[in-house]
């Protein structure tokens, strides 16, 4: 009963059903979507470990099966899918065209599940396209402005998809099969040129989705414009499909080739530079969702660095970060969505001081940023720690500096994010803001608990990761439920860390609360030191515009160079080139005749040079 | 009671000793007297040896120095600054203007007696008081603190109505926010 | 369950010792500054008196729960950092939890407090506090990079990330890492200047410009806790640098001498230099310290 | 010694006199010229002085209360960096209906001076739209710099006066008595006034 076709069937049937039922009984639409994700969650969770199904269509055999690696990502997709759909029940309640929304939403989830369970390149590509198309539909869902952004996303997705397709065709033409089991491990049977092109094409294809630096330009806008529940899934799970693919390419195809180390090195540096530049861009943003989008690009850069380094610890770090990033970035996008729902804007220079009005969202955002920052005791620390240790121990001395610079600079935008939205002056404009409904709170709270638990017991997540790594033919690494080890004998015992932090924190927290409890009074944020001046109601005491001006000034040369401009320039050059080409193809028969004569004349004149004979 | 030295509790003695030797002045120069503070604090007279130092905001400060003449407009700001300070807090009236108006005795805009509006612990006489006088004023305040007599803040809280009445009399358009005392 | 009472003793006494030493160093700094400026200066117990006075303040004002917890975050980070640094070499009592963490962990736990403090300052709603935080975080990005460069150089040279192992390497006077890897030391000590926050890198709390910045709304017990945290953290950082570069200490007298000498570097630099603007200090850290750090790594690698 | 070289002042004075025939031009002393004008001639004069005579700095703008003549005297002090000469342009306006035109378009800093004069003397400057509350807060009644405003009465009415000042009314008398000095005639006038 529980097998892969059923999972896909449920996803796609649920999608179509919710679209149909939206027009028949709109009230049932959301429950249907929710039920679908619940069923998916159960099915994916209960899926037996070694189910394998072959479907014959003509000459091709489609193979679907579970691997530990796929199951890791499948579980992630299912959980996030459930959370985001639960979140969107209230978030999307007042929106239009919900049948369309839920259909595409479930199509995306189904597509992603299809990708992770594919065991051949045809079905991988098929589901990849389903995912891309329906996510494109969701990007352009919101408004008219989204269409140009959607176009950008579509163009880049198309580039990615076609490079994957060409890679697949190359593979098929040289190997005659597209089954994973026939390709993986037999890659050295084909010529080096094809190997190189296949690997580069596939990395470009998957790199588009995971927003690698030169291919990232679609991401900030597409993330910012899509509806918040979908952004959570977009940044959380969809981008991870790129990581999934790059993982497959790196460890199943490239790892057996002679030029593996070059691929690794290039990819690692691309990832590192992606992380650094994206972080710097994020610092300069004023829109919360765009900030998070750039942050996502940066985090995906870390993950790619981890995958590319290729030591067991670094791969574990990358996969750990991939899962964790899905969770914490969803948390942050959900908190931002909550703010958006109540205030109608995500502009950080407008919103401020929501902490007392939206405590749950604030706590979610707080735990989210602590996890992103990688500060102990939350889960982010384990990922960062493993990444640094593996970088240092594998001799990437300068890459570790780049990564560390990115990671430290991340504090800047993280603080700005939480400060602008939740802290600062409580302004009269947002006086009547209320906390979001419970359906939106539940996913946020659950994920908050998750990062807390993972912080104490990283082993919970490292168990499935180590079995996934076994599938990727990577050597196992040392870990315990709450102790992390590196190759040089260093270790961090998370339990002791968490215990000591918690003990000191609670002890002193109680001390500061009890001491002079009666004489400690709460004052409003208007009652601050303003040199004795009494601020009026409308006086602006919020420091939100140009928050990091000094820092931006010191990194100004980096910010000035924008890859967007390069693409625009390329587009312009092509347009002009085709413009000139128009003069050549005049459409006049005589001109063409002249071309032919000219061509023959040149051929006759230079034939000796070219062919070595006289015609 | 903390202000009462006769309680004899060792805690109170320690507290008063620490308070005495650590007086932070809020950086709020109200009049021309503020110019006497740089020489008081710097190398020549070095008030830091008594534990006196400046602090940037009223939240951290202990001592409010009213340095010189106090216009009605300034009085508003001074009251707010004083109320933002945290107990125990002391006020030092500095120069003859704060005592009886000084050379501004007939000015239309200077309040004449500071202690009607804020509880003054120590007055320093002179126009201007020299840094020596300022330091001697601070030592006087230290003596009061050690003896547990520098309880201006307590007085202010107890007689808030009387002070408010006086303040309102001078400040015509009372737009001060009501804090939750 | 067997409890090692000696380590419990260490857990309890280490913060207290750190506080006393840190507070005395703070007082001494003020006195040394005064002597250099040809003043008499306050007694060296001045900072302790200040902290006691702040604790004895009767009322306190808070703008919300994050401000209430901000100083707690700060002091938690300070004490936890201290716990994961071996204070006295080979001592049962004062090694505390240092076997359970390494240098990368220390790097991260050290910013935990800054983050908490920044959140606390953020909730006060004081624009000066926000400006201070913005400056502080920007400057942090500046000095963390040379610091990490120097740490990476050392970690690579000795093939360890553990502080205990680094201590074990430096058995004799000539083995100190300051002599084994002087370039790393230069990069580290320049970053240390920024880390301590004395002039010229005190733009974060510049009292004349932004009314002492992040702590501008903190008073009474909150400020007291922050100053306590600062004292402990100062000591923790000094011990960390002593352990990394100066071969640690096997008794308290050596520790005091080494940390005091180390402490005098930022203090004496601070007295004679005016204040840098934020971008100036970032550019400073990304110039010479960075060059020294890169050279240190290159020397190790080549 | 300083009066030997006043050629440039003479030149300027003649020039002004030739342009504004009704103006009363006096050379007060070296580098200082006083010009008294009808009040409707002030804006053209200032514009002329600024644009043609290079007096492009408004050093000060103030007012004198001539209560006896029931007039205010407005004094513009302008300075030329090229010539190094100060010109005091004076004019009289009616005290009851205290109104004048703004010179903000010539010097932007005039706005601040006008705000001050508006607050302290109650003069309304037409064309200046920023004549709002400036230094005094919540002031009601006669503007305090007018001479008919009794500042002693105001102070005693509004502020609590600490007892003890009365017996030390005239410090100078006591001091001179001790030092056996004589108070000059003009100084006695000051010491007469005391608290009522």
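As written, the chains take the letters A, B, C and D, and residue 1 is the first residue of each chain.
Throughout what follows, contacts are C-beta pairs under 8 Å (C-beta built on N, C-alpha and C of every residue); 3 or more make two chains touch, one makes a residue touch a chain.
Quantities reported herein were computed from a predicted structural model and do not represent experimental measurements.
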item	value
Of B-C and B-D, pair with higher C-beta contact tally	B-C
Distance between the centres, which are taken as Cα means, of chain C and chain B, whole angstrom	36
CA centroid of chain A to CA centroid of chain D, Å	72
Gap in Å, rounded to a whole number, between the CA centres of chain B and chain A	59
Contacts with 2+ other chains: residues of chain C	58-61, 211, 216-217, 220
Two or more partner chains touched - positions in chain D	none
For chain A, residues that touch 2 or more chains besides their own	519, 521-523, 526-527, 529
Chain-to-chain touches, reported pairwise for every pair that qualifies	A-B, A-C, B-C, B-D
Chain A partner contacts - residues on chain B that touch it in the complex	28, 57-59, 76-78, 80-81, 84, 87, 175-177, 179-180
Chain B to chain C touching residues, read off their complex	2, 14-15, 17-19, 21-22, 24, 27, 42-43, 46, 48-51, 54-57, 59-60, 62, 84-88
Sites on chain B touched by chain D in the complex	72-73, 76, 99-101, 105-113, 116, 166, 169-173
For the chain C and chain B complex, residues of the former touching the latter	30, 34, 37-43, 46, 49-50, 52-53, 56-61, 207-208, 211-212, 215-220, 223
Chain A - residues contacting chain C, complex	353, 355-356, 366, 370, 373-376, 381, 384-385, 388-389, 392, 395, 397-398, 400-401, 404-405, 408-409, 411-412, 415-416, 418-419, 423-426, 486, 488-493, 496-497, 500-501, 504-505, 508-509, 512-513, 515-516, 519-529, 541-543, 547-548, 550-551, 553-554
